[in-house]
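Working notes, beginning with the structure itself.
By letter and in written order, the chains are A, B, C and D; residue numbering begins at 1 in each of them.
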């Protein structure tokens, strides 16, 4: 018998999804018994770079390729991504290697174009409360991967999801990517417990992004395992054939051999947590 | 071959322990291949309360009983713990049920008394930079469980450990217990990635405290599993026969049946991570 | 003679404005020797409400009326503002009472409409890194009031200003409105020292928003004075004829009598800091 | 008439002082109509250094000399202060130049010694919840300057003051010295609004420490003025004859000429805020 103090306080907000915590993306399941692995470079840089990654993912039996074509950057003078050329490369590699393409959409204007090439539309942390974009995504048929803002409360995160769901699109994946705190040992503080809270309060799959969440490639492997163990529905990680030459985020990118090892380890561990990787 | 960007940045501070990451506490190993479980009430309240907990832990084959006899409280008008009476109860139950006693020492004055009754001396988050206390613990033979301050950087945490180690006592267990952030979904933000960083930078065992780290009993089970998966050396959790009647921290305490389930699950999962519980 | 340690570290980023730290908005100076007072309700609610405010401001000789017509809200189910009707009311009262209208623009789509009615275009904290909006504002001739994101670093804030300036619009006013911290005594933590840093690093006027910065009407008066004393170029405050009936932010709104007193006090104090209110 | 929403929420905790917000320290008033200036080096380093500072303060008509004899440091291998020799130098210069000595007490053990030499006993941020030390200070007749912990809530800060007051010593000065936040533009974030809240909730004088609060000497002058304007009762600032050679905190120390200018400016401004410096 569970005592009164142990009743959940997290019952006041339940956001719906079509079929419980389960999405089907071109036949691949996210949520339910799946632990979803999404991997790829921070930014699409070239056909050679992207193909090296896509080929590896295909050989490992992975289903999702991520990569940024439009990069929101702090300074207007930084590399802003390959734009349409990047989208085309993503689609080409996605088709060639049977991978779902996950890429960021940064504004309403480019949404139709991105939606044409991508399988999953990512909303970045900075845009989590770009309500016009969220409303436009509510009109869209494609699944949305909604990152938590780096200083967003759970209410604000779920409120953002609600903008999309209210618009008519409940194919939403929530993604915790680290919050800003005083701590400087890691780039951000990966807030796994709050991700669990968000998962308890909704029926959306919730994944973590340990690359942005920690900023150090050495911490990705342990934090992916921790995400699995905490009951999350997957992870998104940055990988790069040559992290030391990456145009962005090299410090937090796994090499391809490191990623292969990681995926193997997770595939072995997942069943103990009632999950299968995909 | 690992590329240059992937070299560790965490090599500038290596704090030593006698035999690598391994302590022996009355024959029970902490660190190395062990995943240590420390459980007990926030505060020792009565013989009945404590014996219920100790009996359960003994029946589960556990080795560590925690409980507060001296409670540092925000207000001078709050319950401050049973003091010497609490220490005696802890020792009595520890002896009766073959459990190591872990309890907090809050000042230099009471250190000799606490050291007489306890097997492991806990330094709380508020005292992490009480340098006089740390120096006195350096003169002590008993192992020290050093909690990270709720706004301490890793450098400050390891600096605090260094005060103890420099004094001559390298039997130190580091404990991450959550940091203060803007986020209010949890009482604190459990910073598992930084705990991994601290572990990489020292040869001390590092454990987590998901009770204080989250403040919600529902989050303890997933966060204990996450701590195991992240490679930490153990956890400390608050349990209580009747959380709804606890004098402090009932909200974040597991019931005894919940704890039994948790310990069983961890014992089943640990081998997959190269660990055995103890 | 000033010693070496006292050389400024803040010289690596100097963002330009047309005529030094000085804007002319329909003949009213912002920056230079001016301490600008911008006041009005959080949201435009009705003609009666807005006229009460505008009439008071006019009688006090004030030059700026703020008010929200488009309200970005955490939940899609909250009051979202009067939209076009609100803009028209603002323009009407601005014209009738000779006040410049400051109002928020929340997306690229509505920018042309807002720019038609407003004298100053406000970018809210949530949109500080909505780069598409910033780029569109760079094409605009109207002055922009750019709020700091509630978890934005100074580099990110100035980077956002750079998106506007690089686009060709250097009529920018920066506004510190409080950051998110662990502290819950105030709604946000008004970071006056960082506002001073931003002012030292650019030639834009920098103002503070103590209403959002503290969340408590009692703290507005002291924080407006502190902003003046710290050398900032003005403040924006929320006022309401009946704060207890406000549709949003009543808790942090001054009554009209309180605002009258505040403006009088600031007008008396400003000369001691080399400023005149306007 | 003030509407209901404008009633203060800050009435639930009123901590007392003997004569309202007014202390007399060897004839010098703190609180009431006084704006108290406390200045001196971070650490006492030598007789030459300290005398240069004391001589200046005397010539300016100042009443308080601060300086650290016992320095709590992150690492046990850093300079820990001159200890007793430092206390003696402080007393000597205090007597020679008619200045009250403000210095930190770091533990119960050294309290009697520090109390013998000092006029005001400072509790540092790290020790704010060292309850044994607070209780010992409650037994003391000397005034206590209690710094806010760098991650302490207002409740915790006032709770700490309550430990001292409950012990029988209500001669307490509260000091806000900056909190830890994500923001790295300043060393800490000086939380002036919370200092005002603490002042509204108690009858203790409340001062600010812009040296630790910002970490940059350039920001001290504006933040001292802001503290005056916000209604605080004084400031404590670090000054050094040669900041570039300081053993600690040189970056945040004013030169003596800078301090002279600052004190002059504050003496001119204070009457406009109903205060006189002392």
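By our rule, a contact is a pair of C-beta atoms (placed from the backbone, for glycine too) under 8 Å apart; a residue touches a chain by one contact, two chains touch by 3 or more.
Note that the structure is predicted; figures quoted are calculated from it, not measured.
S.K.: Residue numbers at the chain C-chain D interface: does the shared fraction exceed half, giving same, or fall under half, giving different?
M.R.: same
S.K.: Between B-C and A-C, which chain pair is linked by more C-beta pairs in contact?
M.R.: Most contacts of the two pairs: A-C.
S.K.: Indicate the whole-number Å distance between the mean C-alpha point of chain A and the mean C-alpha point of chain C.
M.R.: 35
S.K.: Based only on mean CA positions, could you tell me how far chain B sits from chain C in angstrom?
M.R.: 48
S.K.: What is the distance in Å between the mean C-alpha positions of chain C and chain D?
M.R.: Here chain C and chain D have centroids separated by 33 Å.
S.K.: Multi-chain contacts in chain D: which residues touch at least two other chains?
M.R.: Those would be 151, 180-182, 184.
S.K.: Which residues of chain A touch chain B in the complex?
M.R.: Spelled out, the residues of chain A in touch with chain B are 2-6, 8-10, 151, 153-154, 179-186, 189-194, 196-197, 200, 210, 213-214, 216-219, 222-223, 225-231, 242-244, 246, 250-251, 253, 255, 258, 268-269, 272-273.
S.K.: Under the stated contact criterion, what part of chain A meets chain C in this complex?
M.R.: The touching residues are 72-77, 106-109, 126-127, 129-132, 135, 149-151, 155-156, 159, 162-163, 166, 180.
S.K.: Applying the document's contact rule, which stretches of chain C touch chain B when the two form their complex?
M.R.: 151, 180-182, 184
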